[in-house]
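Across the two complexes that follow, chain A remains constant while its partner is chain B and subsequently chain C.
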Partner chain A sequence: MLFNVKKTVAAATASTLLATGAFAGSHALSGDLVIFSDMSNPAPRAVMEGMIDRFGAMHPNLNIDLTVIDRENMKTQILNFTSANAPDLTNWYAANRMIPFVDAGLFEDVSDLWAEDEFVNNLASTKGALTLDGKQWGIPYSYYQWGVYYREDIFNELGLTEPTTWAEEKANCGKIVASGRACYTIGTKYLWTAGGWFDYINLRTNGYDFHVQLANGEIAWTDPRVRQTFANWRELIDMGAFVKNHQTYSWQESLPFIVNGDAAAILIGNFAVAPLREAGLNDGKLDFYQFVSINPDVALAEDAPTDTFHIPSLAKNKENAKEFMRFVVSAENQTLINAGDALGQLPINAQSAVDDDKFLNQGFAMLSTNSPGGVAQFFDRDFPAEMAGMGMEGLQEFMVFPDNLDEILERLESARADIY
Partner chain B sequence: MSVTSQHIRAKPLWNQKKLMPWLFLMPGILFFGIYVVFPIFQSFNISFYKWSGLGEPKYIGLKNYVKLFSDRAFEISLWNNLKWLVLYLLAIPTGLAIALFLNQTVTGIRLYKSLFFFPFVISQVVVGLVFTWFYDPTFGLLNTILTSLGFAPVNVLGDPTLVTYGIILAGLWPQTAYCMILYLTGLNTVDADQVEAARLDGAKGLRMLWYIILPQLRPATFIAFVVTVIGALRSFDLVSIMTNGGPFGTSRVLSFYMFEKALSEYGFRMGYGAAIAVVLFAIMMVFIVYFLRTMYKQESEPR
Partner chain C sequence: MFPKPIHRSAAHWQVFYQGMLPLVMILWLLPLIAVAIFSIKPAVDFTNGNYWSWPSSFEAVENYGKVFFASDMPQYLLNSIYITIPTVIGAVALSCMTGFALGVYKFKGNLLIFFFFVAGNFVPFQILMVPVRDLTLDMGLYNTKTGLVLFHIAFQTGFCTLFMRNFIRALPFELIEAARVEGVAEWRIFWFVVLPLVRPAIAALSVLVFTFIWNDYFWAIVLTQGVENTPVTSGITSFNGQYRAAYHLMSAGSIVAALPPVMMFFAMQKHFIAGLTLGSVK
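So, the complex of A and B:
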């Protein structure tokens, strides 16, 4: 699906949007700016179009051409359009997902932007995710927290409180299982949800640095520390903590279990809040806690996948694109586009305000004050694509047949030798 | 004089006869060449390279193929393709049985025929979804029936030993309908005199079917065999819709594995994907050569 929205922004819209005075310092641009975006769902699409309207109003002589590509189709189309007929800006993902493009010289180095005051002072938290080989290859526009979303009413009914340690987590889970429910719902048909569990248990067992080394292929899958992660995970599996038959369900199909009260919690990203609210779980029934600490010697680190913009090396209007990037990360724009009625995610600029939403507030507090260990992207973004694909398949198998662990780890280890 | 002028006139006519077929075939040949033949050779070529789809391909000779031999996922896909190939052929006898059953004149027979043909008309995606819901371990019809009869529930699509059979069964639904329609048209052409003569000689039941009807249905059987084999080998949509290759890759088939390796989110390995495609092509080639030979023989036979 390709929707072409020709946005020749006329001066007419400019008069209505004079509020964007914060950029008085930047000179007006002219020429073209071609953007390929994968923000194809209704809310993100409105956000993208809104940003272009406001940016266009600041630069009335600039022709902005936006093409919205279906989010899934983008994953294959980006191969074609970055190597020929490149736009000036494109969406993609942070961390190792950038590797193929950076290695092939198809993404522009934007380290100069990251040397500017605004980036140095207010965007430091996501710099690591955009850095490869010591250079930065794009800018973030939004991110969201992961954590445990749970049924507050079920916790109250069973007299449970939010756990902070592994022992408390397991004790809670024991009581939930005894009440005839599963502790966690999960749908692993599309595999990545299992990656979330591995990320958290590994980050809590072995720490952020170890996790990154594993993702970079520097540690063997058969390492005893990796085995420890799986041993911890297995404690939950053996308790019957997860819903049965999760390998048949997508994450959306796994939500009814928590909505109907057959499961008490779910480990997922903040994007699950909207469908859960729609299904009738109001803020009195649904709450959030940070994934518990397992190894007390390890600093807490979180998964917070970051959505990004990049400039293809073959772009024709790179200066215009960089100006748009400055606009995207500005505190004012960040507040606007991440608000609850827009993307409903977290702004990446430290100076921007978080919308007054129960879960966004908790996520913002968690990531800004209680994630000293670092911020990981997510299993399938931190690990190279092929390793991620095979890895998540192994994780799913482990969740169904924990006894196959040795065979799974051997397989992943031989894949590691191949891939890196 | 008249002889020479005739001769002159005849030559362009002869040329025309020889040239015109080619002219008419040209568009077809051109597109077939560009969109089918050329990509086949291109795939052969890519399979000798390591290429992410970006940047410069690196020549690695036969390494992609060597790797296939130790690739567990490839082995699983190959076995699954074999299961598909064998079990999918069940569509032919089932289709024949239904066709024989429906080949009668009662009121409303057209409606019954349409109902049986229906699964072939709807999209494979819909067939996949319907069967996914049917198999659903929590609220699916299958488990509702099983538990009401006192059996233990099964999660067909979540069980690595059952999953491929579950998907093949879903595929058989439309494929049987297809074979049925082929046989129904075939039955229309069965010679009534021969049937009559056989009946006078005392043939009936299975003997009638085997010695009189089936030989006359041979063209229909051949076509049914061709479409079923090809359908089995290119099974992709059902796997993709129903299980996405899972659980943990146990329901993959070659075409799906090729797509995963080359084009999916976790792929980017064009060379390896192309090598899988070449293997699939080689398997198909065995059947294609057989089909073409049979058809060629049939057409050159005097009737």
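So, the complex of A and C:
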């Protein structure tokens, strides 16, 4: 499953002229740079190879050795290679997914990078996601927004406007249900979609800091504030807001409801836009709004799963790796790799340009200007794996049998005692 | 014991039978028909919820083209061949020898050893999952074709031995005795007398083991990962992308993956049926 692409610099031809401008002042590197990447799907892979070509052109005396590992296999192999034959850079994920590596001393502290002007000024939105114990352990290269994708034509037909408060959200939903539709489609067969709903209602009810504390096991599941989150959620469930039998659909299988107009909206990540567009929902029919505010006292915070680079502690060429990190987060590179014809996601750097895409533009504006509370990583990345697994089962059960809530919370609470 | 031949029953029964047969057959094949239809649909039909109706466009060339030229399927198919063929050869060769030993020689513990082989068949293979994975890891065979082949040979030999031993046991013992009287060495008896006689059993067994191993999914996902060693059955799941599952390509891939054993069945139909019934009818 390993693919070796050796990029010796002599081969990296005439494109030298291309990239140097933005990096005036950075000296040319020499020696080696070994990168293990999990960007194995075709488009991400091209992005990774493109970055290496451009970086190599800037540093003609640097030997860059890229190994692409299948995205799923990476999850089992990263522990092996960070604890033995470590590369200089590896891909991974932000937030709690870093904990095992940080705790075991396998990731290098890169707080010094985050003290540089570029990071302080333009990358603040994701700093929290890469911080553990007050230090930063890696850098982001891409993320994407979550939010409510809705059928603009159905909203127009029913005379609805984009809601901004919980009361408006529920009023809209009441009218949608009265028109014989479900407000939201969701497929909870693989559980994680329910995690999205919990994240948002909890972030809006109790705020980002509370959410992170809950994820870190510092707050009881039976806490009245957690119950308040579920009580808010239950208001929607009792209205019949969600499509029936959602526990039998995957998220993709839940899409026909919104495509066929049986449901008016879906809370999902931006990756859902591509299939919805293919299915005929053009930009006139599909639109996006930020999840509404519930408790006016808490700052808005979003889910935006972030993909990252890290330096293993055992790396041999850490200075070269840090220079590559500076290159990855630069506004120019961020614009390039997140464009619609590359990753099709959001750039991290606030100075980057976003592709002219309705949803990317809205997401970029939302995350860079209207998410003062912070950026969460999503339920299954913020909570430790075991807690996330049990938690999401509980969330699905709650959506189907809301009356079981006490039992579910007791169960999660006893799991919390074991896991943390 | 046998059902009464249909042409001997009353006329109205015959009509009923002939009417129901195609219906039941279609019902029974429905899942397969669905996969075949899915495999020529465009991706957008799945987002539209257009699962069962007429495809909105016919994408057979597109889908199968992608399976063969834009995915790792050819490599997975090759892996399957590299895993299946050595397993068939290994398991059949070993079981010919064990079958000969257990079927021809009378020694203490013969029956006991034979029962061990048979009992191996009754071990639910799921309980072996963790120990076998650890074993292959320790031996450095995890995620190698060799590891998978060795395990398959070991596990299939139990069934194959039962099969061969019973077949060899049923051979006329006089042939072997006659050879012994002529002073033929034991290994030459095995090679020149027994093996030619059990050729039909070898053919039947090869076909059976081929389909068993080709269709194995469990051990494929337990013992291998990644493009280089995974056989086609678990390779199909690579059409699940990071976010989206490509149902149409998965269906096309499944059809392609199912073809070799099906062709094997039609080519060797006689042996296959013989294999299933050998020993059950005397």
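Note that the second predicted complex is superposed on the first by the 407 of 420 C-alpha atoms of A that agree within 3 Å, B and C clash if a C-alpha of one lies under 4 Å from a C-alpha of the other, contacts with A are read in each partner's own complex, and residues count from 1 in each chain.
Here, a residue touches a chain if its C-beta (ideal position, glycine included) is under 8 Å from a C-beta of that chain, and two chains touch if they have at least 3 such contacts.
Because the structure is a prediction, the values reported are computed rather than measured.
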item: Chain C versus chain B on the shared chain A, clash or fit after superposition; value: clash
item: First (chain B), second (chain C), both or neither touched by A:Glu386; value: first
item: Partner chain in contact with A:Leu314 - chain B first, chain C second, else both or neither; value: neither
item: Touching partner for A:Ala299 - first (chain B), second (chain C), both, neither; value: neither
item: Touching partner for A:Ala353 - first (chain B), second (chain C), both, neither; value: neither
item: Touched partner set for A:Ala46, first chain B, second chain C, both or neither; value: neither
item: Residues of chain A touched, compared between chain B and chain C (which is higher); value: B
item: Which superposed partner A:Asp103 touches (first chain B, second chain C, both, neither); value: first
item: Partner chain in contact with A:Arg71 - chain B first, chain C second, else both or neither; value: second
item: Stretch in clash, chain B with chain C, out of 75-83, 165-173 or 183-191; value: 183-191
item: Interface residues of chain A shared between complexes with chain B and chain C; value: 76
item: Chain C-touching residues of chain A, taken from the complex the two chains share; value: 1, 41, 70-73, 76, 250, 252-253, 255-257, 259-260, 269, 271, 274-276, 278-280
item: Complex contacts: residues of chain A adjacent to chain B; value: 75-76, 79, 82-83, 100-101, 103-106, 189-191, 244-245, 247-248, 380, 385-386, 388-390, 393-394, 396-397, 400, 411, 418
item: Contact footprint of chain A on chain B as seen in their complex; value: 52-55, 67, 72, 135-138, 155, 157-158, 243-244, 246-249, 260, 263-269
item: List of chain C residues in touch with chain A within their complex; value: 43-44, 46-50, 143, 225-228, 241-245, 247
